[in-house]
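Quick heads-up: structures coming right below.
In the two assemblies presented below, subunit A is common to both, partnered first by subunit B and then by subunit C.
The block that comes next holds the complex of A and B.
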């Protein structure tokens, strides 16, 4: 019951989207039809969960990205350089074409003083400074994860550091890939598309429709239970978790097909309600994540 | 143009979009394009299901009257205090009021556990509704249970 139907053309093609795009991009780069991109990955006010998630990618994986798709110029968690020389690499990219991937929200209180990402030429560089300096000059800005997209957990009440999403500070379009964390396929597929064709088709919230077009509820393997009004009354029951507060009906992304950790499982497949981590307003507006004293059964 | 005609026009538009999409699917050999087209079909299907439901509501409410008017269909009156009891907790149904009409959202998918984007049932949500769903045919899908006093 928890398996998506892969005889369905739609499901099967959606599952393969990222892999197809990445391999097309790698072939095109190998044949010199397109150039490798320069990639900067900024980790700002967040938990670094998105870069960890990216490392967990499988077909396409991180090695495809770092060795065949882009010149991965800067990421503070992964690069060998440190201190001033790392910052030289970061700001040395200005003047060249580069794609900026941002994870984490941007702390704005006291001119961004609550998140200093390094020191350059003797001066502290805040996340706020970095996003202003690099965000306006990048050829594309991709907000990776919910915090970079809309503030997310970093901007949850009471938001002491006045965190905001990347788009709030930039007067340009930011492609948003919300999710806590962002699935590696969503990022790698979007990046491959950008390298080959430019900006992908986006919805009204600037999310690529190839990944964010349908509600979890639309593709949920437990949907027949919802339609028949068979609801779980406690965690562990393998029926629809609507009455427990599942946010699948308002969350627009393709987790039911793609799943996580090398496509092993996903929250609903493991009897946990969707908490809407890929939807704007997460976490405050998706709470409560679980409810027991709820409506009557009909 | 009455509600019925509006629904019929929207349904016709959706069907015509679906026909175009299917034509495009036949000639497209690019997997990414196909994927986008299939997504578009799914969106049309979701729109159609919503419109058909709206049409059914409209038809059942307009028998003998010609137009759909929830006020004629339900006479139960709610005060703010009455409404507050229907908060979806402890086995109570979940009702919300918009523009003076009270709707049942107990089994509406977007109101899991009687909450919706941080809003709770049992309240008048007119201003919240207007700021998010103005112009969308969302209310036509909901069962009307009464009016605000």
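The block that comes next holds the complex of A and C.
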């Protein structure tokens, strides 16, 4: 019992959302109805996991993005240029329309000096400087992943680098795509929507409703076990993970339908609990990740 | 007359995380070099007071490109602390997951990170623009590798797909856990894995290895730079299975022309040049986790300096391929790249062997009791080299966590002896053709595949700048 019900029109449509949006955007660009966007992918205080996850996109994929959807201007993990000339490309975008995707939190410790992203015109540029300089000038700011959205694991207690989410430092709206990492479909679908129609419908935490309106617990293929009171007592069992500390009942995102890595699997499908990695307050408010019986008295 | 020049290259792109190089050049010769990572998060401090069971998923977030490695090392450390012996089936499944991560990394490192140094990527995309002009491949060969640059994305993606089949998702898997994995071998998933790994293997053999040798043919001078110390170390991986023996490499070290057994007690860490303070400058991994201190005058980096028997060691694919005897051409920039692509093929062999030895439907999980007080050590070689996790448990919670990553070995700073770290040593002595376009520096550093997200403890020297005025 690991498959979502794809006879359900709702599930089927949700599964295709990102792909349909991206291919519509690419067609519209091909027919000169809309322009390619300029994209900056700004990696700050995090683990590079979101750009790696983006490369895992299958349909849509990274090649769609880099060659058909945007003029990809800056990403420190992938760009050919290095050093000062890389930074010239980054800051050279100011004055043009651009979409700013941010991965990672922003370290504010010691005036931001715990995270330096490069040197420009002879001076160190901190993550803090970069988000302030680019964040106010972008057409759209998209926080990719839990760290950029809310601080995430980079801000886990005692938060040694004094990390905060992007929104804390910007007096403008930030579209948030939490998830550790962010699923490539969530980013590429949101980007395609922005290129065609502008800002997508967002919930009260500024997450696109098209991806973040589903409570995992409501769509979980193992929900019948929960309803029948059949619970796993250790990892590896193919039943409901609720008593092991599963955060599916509080986490809103479409993992049970979309799944991961070409849709082959997802954490609950792997007989382990959801740890709420797309939830605000992850990880501190989602821990313990694993406890052998949450209903048992210690 | 000697002309002295200082080159600061920051950011070094096409690596994982933030790194700067500060090099001193005398008449085109690199006479000194410092590698400076630029990110500090402090995972060791975050882990204190958390549930030991949570370390497996928590430590993966150190690094998005090699998260599985941390899940393996933390599982090993916890198994050591909890006194759990992993079943052979559990190890096979877990090691398949680990090997898939190597494949994802090596394919991406060769095509997305390394090839743009030597191959001209298509015009029309800012991401692919370079500054230097040292592109030597004839158009036909160049364009073929460019085509593979894009084709390769399918194969690195399917390496992660394999990882997710057993591990739930990637990056940041859920399958690797104490006792092995949370999933089981089934007819369906093993046949999917075999099909995927055969496709990846075919790509590695027919495209990736020939492409690496094509580049090597046109850049023969890169066998003559980036040599470093020639001290190599591995904690071992895919080794010492009960029935299968060692499929890859045992824990070994190489120095001064001879191979020796590895002894964990010879590992120390030094913070003389790092932005840390503690009672001792050098310590054993289980002794202390130093506190951040940016005020040290001799400090120039947050990266610490691990040493084995007191001296710096290089870690990574070349170290492993050398130590197991499969690659002995040399130790240099280009040898590192060749060893990495050859290792990718070797890993597909290992995956196929492990898959052939899996028994369907074995559940390796159980409920684990956390002791009130214990300590554990988890050492394994992983994509970029030797990774160690050391932990202590008090009152049923993590009281101490120490992590020494492969890139900390390679990017390590100097101790009181002023010996440069392995990457610094590899840069020193390099002749730059054009000091205005010092393309050699990035190429040498990238051959180590540095992951500064993992090194986590780095800080830039130089002027501390509070704000920057942007020209409107």
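The definition used in the following text is that the second predicted complex is superposed on the first by the 293 of 298 C-alpha atoms of A that agree within 3 Å, B and C clash if a C-alpha of one lies under 4 Å from a C-alpha of the other, contacts with A are read in each partner's own complex, and residues count from 1 in each chain.
Basically, a residue touches a chain if its C-beta (ideal position, glycine included) is under 8 Å from a C-beta of that chain, and two chains touch if they have at least 3 such contacts.
Everything numeric here is computed off the predicted structure, so don't read it as measured data.
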Room on subunit A for both subunit B and subunit C (clash or fit): fit
First, second, both or neither for A:213, with subunit B first and subunit C second: first
Centroid geometry (CA): angle subunit B/subunit A/subunit C, rounded to a multiple of 10 degrees: 130
First, second, both or neither for A:251, with subunit B first and subunit C second: neither
Subunit B or subunit C, by number of subunit A residues touched: C
Contacts of A:239 with subunit B and subunit C, given as first, second, both or neither: neither
Which superposed partner A:49 touches (first subunit B, second subunit C, both, neither): second
Touching partner for A:291 - first (subunit B), second (subunit C), both, neither: both
First, second, both or neither for A:108, with subunit B first and subunit C second: neither
First, second, both or neither for A:71, with subunit B first and subunit C second: second
First (subunit B), second (subunit C), both or neither touched by A:116: second
Nearest Cα pair across subunit B and subunit C, whole Å: 12
Common interface residues of subunit A - those touching subunit B in one complex and subunit C in the other: 287-288, 291
Interface residues, subunit A side, partner subunit C - complex: 45-53, 55-58, 61-63, 66-67, 71-83, 85-87, 89, 91, 94-95, 107, 109-111, 113-120, 123-126, 129, 133, 152-154, 156-161, 163, 180-181, 233-237, 260-262, 264-267, 269-272, 275, 277, 283, 287-292
Subunit A partner contacts - residues on subunit C that touch it in the complex: 8-18, 20, 38-42, 45-46, 50-51, 53-54, 57-58, 61-65, 67, 108, 112-113, 116, 121, 125-131, 150, 153, 156-158, 160-161, 163-175, 177, 181-184, 192, 292, 294, 363-367, 442, 453, 459-460, 462-468, 470, 472
Residues of subunit A defined as touching subunit B within the complex: 9-10, 13-14, 16-17, 20-21, 193, 201, 209-210, 213-214, 217-218, 226, 229, 241-250, 273, 281, 284-288, 291, 293-296, 298
Subunit B residues touching subunit A - in the complex, by the definition given at the top: 31-32, 34-36, 38-39, 42-43, 46, 88-94, 106-107, 109-110, 112-118
